[in-house]
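Letters A, B and C mark the chains as written, and numbering starts fresh at 1 in each.
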Amino acid sequence: MKKTNDNPTFESYNRDPKLFDEIFDENDNVRDIYKTLFNLYSEHSAKDFGRLNNKAKSSFFNQGITFQVYGDHEIKEKIFPFDLFPRIIDAQEWELIEKGVLQRSKALNAFLWDLYHDKNIIKEGIVPLELISSSANYLDQINGFDPPGGIYNHISGTDLIKHSDGKYYVLEDNIRCPSGVSYVICNRTALKRALFGVFNHYQAHTVTDYAENLLQILETVKPKGVDVPNCVVITPGIYNSAYYEHSYLAKAMGVELVEGRDLFVENDFVYMKTISGPQKVDVIYRRIDDQFLDPLEFKPDSALGVPGLMAAYKKGNVCLVNAPGTGVADDKAIYTYMPEIIKYYLDEDPILNNVPTYHCSRPDELEYVLENVHNLVVKPVDEAGGYGISIGNKLSKDEIEEVRKTLKENPRKYIAQPIMSLSVHPTYIEETECFEPRHVDLRTFTLLGADKEFVLKGGLTRVALQKGNLIVNSSQGGGSKDTWVLKNN
Amino acid sequence: MNLEYNIRYAAKNTYENEASKALWQFLIIPENNETQQLISDEFTNSLKIQVEESINGYNFRTYKIRPKERFDEVEFQADFKLIKRVENIFERVSLEYSKDEYKILRSLEFRVTNDVFLRSTALTKLPHQVEFQFDENISLFENLQNLNSWIKNEFTFKTNVTDIDTDLNHILEIKQGVCQDFTHLFIAIAKEFGIPARYVSGYLHQGNGYFGDSQMHAWVECCLPSSGWIGFDPTNNLLAAENHIKVAHGKDYTDCPPLKGVVFSSGKNETEYTVQVSAQQQQ
Amino acid sequence: MLARVANNLFWMGRYIERAEHVARYMNVNYFASLDAPNELSQSRQFVLQSLLFMADDFSRNDHELNEEQVLYDIALNPDNAFSIINYVKLARENANSARDLISTELYEAINKFYHFVLNYPVEQFQKGGLYDFTVQVTENVSVLRGKIRGTLLHDEVYAIIMLGVNLERATQVIRIINSKFKDAVLAQGSYGDTLKNSYEWTTLLKCAESYDMMRRFYRETPTSFTTLEFLILNPDCPRSVMNSLNQVSLHIRKLTHEKYPQKHTSGFLIGKVRAKYQYKIIEEIEIDLESFIQNILDDLNSIALKLEKEYFHY
């Protein structure tokens, strides 16, 4: 089956032989796993897709599944664009991903325990001390503290890409407050509404079991002496860009969604103010950053947190999820040591590849980077959301000089990696009313509890809607796709 | 020989406009350690609110108070009784010079173990080289004693020229300041050389005419490979000993202010406090 | 349930109800005035004054009002605190913070309503869109009422929303009575009718969507006497103050489990206020309607304050 023959909506689909195409092989044949879907989709005209696309958009908008974008003068409400062509991952490929992300999460947890206790990996010279001591995310306050259940990164979001060699690579491990899981579930619902028929032809795993597993994980790390823990989700409030997700998770778990002002600490126990008086809180899934948790310990002017929360946490009367201080391992510089970290704690070889990385803090590697800026992606080590990234082959001569200057001034702040070519996937483009190839990545969600682990069988396939753009973050105009993990036949 | 101390801490907060909610945290309770033993502590306030006992981020004991009614003025008073062991610091310190001391100081193991107190903070960052030089031909302890007297000689104790946010740049320029400024400076110079150093907040017995006002005092503790943590008081060019009653330590002042508060009120507010320390020799 | 969220649900209910009453008052008054039987009632200035009087703060201006401006201010002016658009915004903001507690269906309906009002073209509104806009607002609110009733578990969440809805309904009906009473006083005698038989009573009933019900109940042309009796005291009229108080007293029972509420509680106060009006007769009210109105507004306000203190304090 060739791509253009029987499907008019693929007329303007130009396969780039330099990139890995998720649905067409190098001879323009549809890959086996996508054949049925491709056939089903060719029954629809371009007009049909246009109509379905609009329906899906207004459905997201009406449901208020939106995020806020802060402009110069006003706040705009935007939907996270949803694409009608789902991404399919077969059972075998998924097995590798699942094992791989679980391995990384466990290694990171062991690494965090070590960093806040004996620090053996540093003493043995495997990870440089400077990486930790210069990190603003290392919290002295929990040095020597044992978090309930021994878990730091209860929730990890691992970002993967498929390179032109057809292999998966991990781009980063998000273990502070990874977001996006609500979109996984919304995308599934939206695709079912739009094209329910296609689900009859594939055996895809459900994604709606995330919330119940999350609640179980939260319950495994309850404080000592608590029988049935009272769990809550804490949010910065309705103006936060991920507020929809916070409310979704609270609702799906059947727990209260609280703000800092709803909680108070008395005698080192945490209570929430309800209509029938104070009620004790045992486990807090927090979606606010460390620095805002407790004005007595961190930013003194933070109104988002709860004064006295850290003392309650350290006394073991409440569990915070993810643990404060995980940010130190959620750092692009730490990422580059992941193969060594996995080997050190688990005595295993990494299942998933790491992108080779150059540390600008090392003089010889800085030299290489300075000479090859045009062939590399240069990233700041501590910025999230796709800001401050420069992609070498997209830069003008002047811009390259500019990057060189920045690197020389502040080498510790940057790392560089070869330009990875993200795989492409057919994506409905409104302007041309056709499917065109666009770059995609994949965020997976891993849960770690005391004696329990879970990887969501599915994930968030993020897609860069602008032609040629490699950055898939929602704040940079990216969209997303439903992602099917197939059951073993 | 032991000393018996009576310490009184009294504070008064006034608010221009009535405040509705608040939470105060007091970091003023003397710690129990090898040389000091707290016998009793009592804490009262004019609003008659029940006092909670808690800890701060570094596990030092704190008092917490949370008023439920509106207020525009509040007074606090704490009384502590404790026994302080009089010790000769020089017995604890290895005075012998040894090159190994410097070797251990630079070992990865030692640096990793003491990492927290080797990091520079905004208040303990040296803006440029200072005149003081370490001499590796004498012991670390001797070097630190020299640093102690260097600060005492070069800088003048003067109140109201600096405040809690003053950085070292300014202090090095005006060559004046109070105990916390000299403590920050000492810490910065020691850390620069690779000696773990921490900020100590506590009470000073002023019977002997030392500087320290009638306020909380500040000094430095440094970790020496051969002798552990030793206290230096650069304001008075002393080793911290029986006249120094420790409350808490941290990386710098921001980790151990005696009073932290979250108060919901508009307008200005003022805090005044005084400290009285009296000692008696125990038979 | 969190006290803050309960407070938000309460106000969500109030703002939804308020938006509807203001919209209907605009609609009915404006269009009734076009063919009103007397000259004053037909005058544009008279109607605009009445609209502002009801929507804002019970005061009348002396200066000439601009029709376009007044209608825009009450309906769509986002900078105006008493505009419909602001009430809908606030309702949605309150719903946002209680999003995990209300049904997806209710939230989606509120959200759609919000986007409808937010995106209503001002130009179209000013070029004769008054009827369309106000009708759509009242219809949207009907949908919301259905979603509240039909898609929420009838537990505390529902009870708190209903407390807000009913307290607001009683308040708005009283405000409408107050405005129309003033109109009737001003318009009386201008073509020979008396206050008792004023045309404004019919308008008043229509403003409270109660004209048909009232005709069915009394089988005669509305007078001041029958209109006030029906809108204030008739427990079977779903818009009457008495009916709203009965609802309030029904829903407070979801929040308190005491059979005999203690004297400092909201439950006690609600029972007391309800009993006061249950045995009121219209003859007493008619003697001094103005004081009566002030009185009942104070009563309703004191219930809201009590609820806030007992349940919504955070």
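Here, a contact is a pair of C-beta atoms (placed from the backbone, for glycine too) under 8 Å apart; a residue touches a chain by one contact, two chains touch by 3 or more.
What you see is a predicted model; the values in this text were computed from it and never measured.
Return the chains shared as contacts by subunit B and subunit C, ordered by label.
Looking at subunit C and subunit B together, the chains touching each of them are A.
Using CA atom means as chain centres, which chain is nearest the centre of all the protein shown?
Of all chains shown, the one whose C-alpha centroid lies nearest the global centroid is A.
Centre-to-centre on C-alpha atoms, which chain is most distant from subunit C?
So the farthest one, by centre of C-alpha atoms, is B.
Report the inter-chain centroid distance for subunit B and subunit C in whole angstrom, where each centroid is the mean of the CA atoms.
That gives a centre separation of 63 Å.
Roughly how far is subunit A from subunit B, going centre to centre by Cα mean, in whole Å?
Those two chain centres are 43 Å apart.
With centres defined as the mean C-alpha position, give me the subunit A-subunit C separation in Å.
From the centre of subunit A to the centre of subunit C is 47 Å.
Residue numbers of subunit B touching subunit A in their complex, please.
Interface residues on the subunit B side: 23, 25, 52, 54-59, 62, 64, 66, 108-109, 111-113, 115-116, 118-119, 251, 260, 262.
So in the complex, which bits of subunit A are touching subunit B?
Residues in contact with subunit B: 119, 122-123, 125, 129, 132-133, 140-141, 143, 264, 266-268, 295-297, 300, 307-308, 310-311, 314-315.
Which of the residues in subunit A come into contact with subunit C in the complex?
Per the stated touch rule, the residues are 61-64, 237-238, 243-244, 247-248, 250-251, 256-259, 261-262, 272-275.
Show me the residue ranges of subunit C that touch subunit A in the complex, using the header's touch definition.
Going through subunit C, the ones touching subunit A are 1-6, 93, 96-97, 99-101, 104, 107-108, 111-112, 115, 156, 160, 255, 311-314.
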